[in-house]
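Here come two complexes built around subunit A, the first alongside subunit B, the second alongside subunit C.
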Partner chain A sequence: MSDPMRLRWRLFVIPPLLVSFVLFVAPQVAFLRGSFFRNLGFGQVGPDLTLENYVRFVTDGFYQAALARTAGLSLAAALLALLLGFPIAYRLARARTRWRSFWLTLLIASSLITVVIKALGMMILLSAHGPVNLALQALGVPGAPLPLLNNEVGVLAGLVHYILPLVVLTLFGVIQTIPESLEAASRSLGATGWRTVRRVVLPLALPGLVAAGLMGFNLAMGAFTSTALLGGGRVLTLPVLIQRKAVLEGDYPFAATLALVLVLSGVVVNLIVLRSVARPRHLAVAGAGS
Partner chain B sequence: MADVVLAQVSKRFGGVAAVEDLSLEVRDGEFLTLLGPSGCGKTTTLRLVAGLLEPDRGRIFIGGQDVTRIPPERREIGMVFQDYALFPHMTVAENIAFGLCERRVPTAVRERRVREMLALVKLDGFASRFPHQLSGGQRQRVALARALAHPPRVLLMDEPLGALDLKLRQAMQLEVSRIQRALRITTIYVTHDQEEALNLSDRIAVMDAGRLVQLGTGPEVYDRPRTPYVADFLGRVNVLRGRVHAAEAGSRLLKAGPHVLPLPATEVEPGTTVIVGVRPERVRIVPAATAGTRVALQGEIERVMFAGNLVRYFVRCAGDVLFTVEDQDRRAPLPAGQSVCLEWDPEAMMVWPAPADA
Partner chain C sequence: MRLGRLAVAAIVILGYGFVLAPLVLVLVASLAGGQTHYVVFPPTSLSFEWYLRLPVAYLRPALTSVAVALGACLVSMVLGVLAAFGLVRGRLPGRNLLRAYFNAPLQIPFVVTGIVFLQFYYALYGLVGVRVLGSVWGLLGVHVFITLPYMIGTVGAVLERFDPSLEEAALTLGASRWSTLRRVTLPVIKPGIIAGALYAFVVSFGDVPASMFVVSEQTMTLPVRLFYAVEFDYTPALLALCSVVVVLSLALIFGMQRVLGLDLVLRGRTGA
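So, the complex of A and B:
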């Protein structure tokens, strides 16, 4: 503590901290604060604190349906991404080094592509005469071509596509920490490959599955671009509604209300999941023992 | 219990041969050690027997059954790994019961079996601990108990004591030996530690570059190593290279540079080039002045090392030959710089044909 170098460095940190605060936190607070005032139109708000925006949200089933739709789609997207991402991450973590770097580079590159480009790509894939529908027709799926765009199917596909690389990267990191010798031991003791995944790999990867799932869920809850593009404006999730209220209708207070509801419901879901998924016993004991 | 047979097994990794045309028979109840330096293919061989790797060529039999294409979970083996590979999310009891659970053994039998195993490895009272709460030696005991619980037909151990310190390793060697003898279970043990191999094994298979160089009991491979490589890997050896000459009465002489030595009464043709070896403990070191007629080598002590139970001399002889001598009698060690005479019985010499290329 008496080290003069440390003291000086702390002082250096203060200006960027202040700038960050002003640039990032202050606007959010100012925006969300607006939700407690009445909208007067044209960006004007009333002078008195009021909860009427929240009353409007609670009493209008339309907005609650939008919240349920947002959460439902996000949950489905997170679960699908885990389901698809786990085998991919597992294969990556157990691949030879050279192939692994190749696929990881590809994965990171794809996750850096802007969502607009990704969504446009998905629109081509999912369109009435796109490759997916052509394949479905070739397979003789009844009803093909199926409507895969401008509905919840399209939005779900877009969300999964958006969060999958990050889910895979997170799971990859966790699976890599599980020694391969544990799997060899399990096999030598009579467990099949699938039983080994069930009894050894999945339990040890559980913290990573929860983390990756929540991260995917949170990203999907806030996703605007892919939802707006692949939903064609017909799938109204909270981010889409927030944009409409704020930009099209100029109703900043209600947009802020929806934003706060979105953030808080996300926080609540995260807390529930984190509390209900018991800490692995060996970690719990480690904590209690120290 | 079962015997293990490898018949002309080969395994390559990306074009590099890890195991080459290996044939080996492990007898029922035998403790066989695969010994060699890292990269000699011993661990690959073990993993082939376990089924964790598939051979490119050849067949593997356990108890007469061809298991070459059978996955590890149906080979009825037990395996102990160098890093223990205990499941960190399971207690000691759950780790030991793992194989029994996979075999749908009833709970009552399972619990009794876990208690038996804990008693066997002397870890009663540790059932509900987690692996991270155990010491290295205790973890290795759990790993051993887990590998033996189901029970397996064959026990495979991959450098199980490699991560332990010397004292603990010696104690665990005794434990492993006691348990293996008590259960009379066929065991294949992989190590690069020649002392460990000699202490534990019924027979030792010395491997080099994916091939089996020699298979035999400890005394066989130590006293009659088939190649200089085996002699050097199991203990120390002094080697000389020279040409065989005929002497009177059918005896043979070795001419190696400036040295002329009598050879033991073995069948070596005059005119051939051979390598001879002699163990440091078989060489007697005597002051040059008192040397008798059985002159072997003259030299000068370059360095004296006190090794506790013996004194080790490094003696520089003519023709740039450096000999190591181990003398158990350490009451009056000779000083460095003294001229000495090295002598040994001809029977102490090991004679190998020299490789043709050099």
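So, the complex of A and C:
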């Protein structure tokens, strides 16, 4: 391609760049800047730069507990999704039926349907008279029906439900790139099926597992809708608290503080995991949660 | 070996069961007859009565949602195609950084995005006197913001695989720039645009946390209305309404998979 042509193509970036600057950089900067001012209520902030919002976060155990709860639930959800998701993705990647695209599309569809409806279904599933509790009672589990809603159990179920399809789809793409002939070779050399998975498939899929796990973690960290509904306002994670601070108390500076803490702690976890486990190429760690 | 296979099969069934159960339960519970103020499960009698009583109050939110989703689709399409061409064809230095920049909206929790826009719209009113908060335009801004990465991602993906010598061949054979664009380039990138539009539409149509801060009573979107209804005033008719949305969503996505192929639909999900 000639150079003037390339230059002309470059000009194409300008309009989207301008629009996203107006919609993205300017408002975000203004919002985060607000966290360094004192809240005077009614959307007003004090004139002087101050760190008192951050001091409030550091000195009030309530908010640190919320951060720990958010990170803990997200971590648990990511691990559960990997545990369930890996066998599913493996099975899909190795299946040769024409049904495979049907099952994959089903996952895509379920990940795209609005979270509110899925949370409503989850409420039916986990309610006192729902299928899960009916099954538990039939099995004679002591204490059944168990409270599975408006607590951490319900929130965790919602988070896993939210990220599982996306984790499976990511892992599927990774496992598909591992040649099946490697497994055949391993087996023909006498390795058992489990040993082949552990020594051949898992090491090769490790970068993908890390990427998928982090994507799930990031989505869970930002999850609001399902947590608000399944936690019944009793499980206060940072996204839920951020919404409350802004809407109920009109405390935008502190909401901004919590938002910055949420995003930064997510980034820190990602960096730690990436440093300590592996350095996957083309890491598309995406996802922020709805 | 056999035990391992059995375990895998069990996890696959459990996993799919878990993913699909909430959707299936909404569909099944919507068929429960009788006047109730809570979910009856399993249904004691089957009927379509709630489908005949779809709440009219949701008609306007549904229309708002569709209109905003289509609008966001269209704006994202224009901006996304421009950005993808610039990024891929322009071979900009540091374009990976630029890609990350365009993808950044997906790295911020949507609840934060919502509050940021709320404050931004307040400021806009204060500074210029333009009132966008609570209007469809304000909603559109938010939705363009959260859908653009998907569009850039899918169009960029097809453009990367596009062989520019096809265009050169058309030009050498005497085609004008315009007809080259229309007859060669557009047909090739069309699947990317359609896949991007699909993602843009469903992401926009389903969003709660980014929208809930900038809507007013008049511009409430369907998911936001449903969110408040599930939280505060549940009626069985909601299940019928949700079932309609589920069935339409499934039809849309399976239809798209038929038209575009799985590969492209899979590609879109992580954005730019």
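Heads up, the rule we're going with is that the second predicted complex is superposed on the first by the 274 of 290 C-alpha atoms of A that agree within 3 Å, B and C clash if a C-alpha of one lies under 4 Å from a C-alpha of the other, contacts with A are read in each partner's own complex, and residues count from 1 in each chain.
Basically, contacts are C-beta pairs under 8 Å (C-beta built on N, C-alpha and C of every residue); 3 or more make two chains touch, one makes a residue touch a chain.
Just so it is clear, the structure is predicted and the values come from calculations on it, not from any experiment.
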item: Touching partner for A:Pro47 - first (subunit B), second (subunit C), both, neither; value: neither
item: Touching partner for A:Ala184 - first (subunit B), second (subunit C), both, neither; value: first
item: Touched partner set for A:Gly61, first subunit B, second subunit C, both or neither; value: neither
item: Subunit B versus subunit C as contact partner of A:Pro203, first or second or both or neither; value: first
item: First (subunit B), second (subunit C), both or neither touched by A:Leu120; value: second
item: Partner chain(s) touched by A:Gly143 [first = subunit B, second = subunit C, both, neither]; value: neither
item: Which superposed partner A:Thr192 touches (first subunit B, second subunit C, both, neither); value: both
item: Partner chain(s) touched by A:Ser101 [first = subunit B, second = subunit C, both, neither]; value: second
item: Partner with the higher number of touched subunit A residues, subunit C or subunit B; value: C
item: Interface residues of subunit A shared between complexes with subunit B and subunit C; value: 192-193, 286, 289
item: Residue ranges of subunit A in contact with subunit B within the complex; value: 179, 181-182, 184-193, 195, 199-200, 203-204, 280-282, 285-286, 289
item: Subunit A contact footprint on subunit C (complex, rising order); value: 1, 4-5, 7-9, 11-12, 14-16, 18-26, 29, 39, 41, 79-80, 82-83, 85-87, 89-92, 98, 101-112, 114-120, 122-123, 141, 144-145, 148, 152, 164, 199, 202-203, 205-210, 212-213, 223, 226-227, 230-231, 238-239, 242, 245-246, 249-250, 253-254, 257, 262, 265-266, 269-271
item: Footprint of subunit C on subunit A - complex, ascending; value: 1, 6-7, 9-17, 19-20, 23-24, 26-28, 30-31, 34, 43, 84-85, 87-88, 90-91, 101, 103-125, 127, 129-131, 160-161, 164-166, 168-170, 173, 192-194, 197, 215, 218, 221-225, 228-229, 239, 242-243, 246-247, 252, 255-256, 259, 262-263, 284, 286-290
item: Residue ranges of subunit B touching subunit A (in the complex, touch as defined); value: 47, 50-52, 71-79, 81, 83, 85-90, 98-99, 102-103, 130-133, 146-147, 150, 156
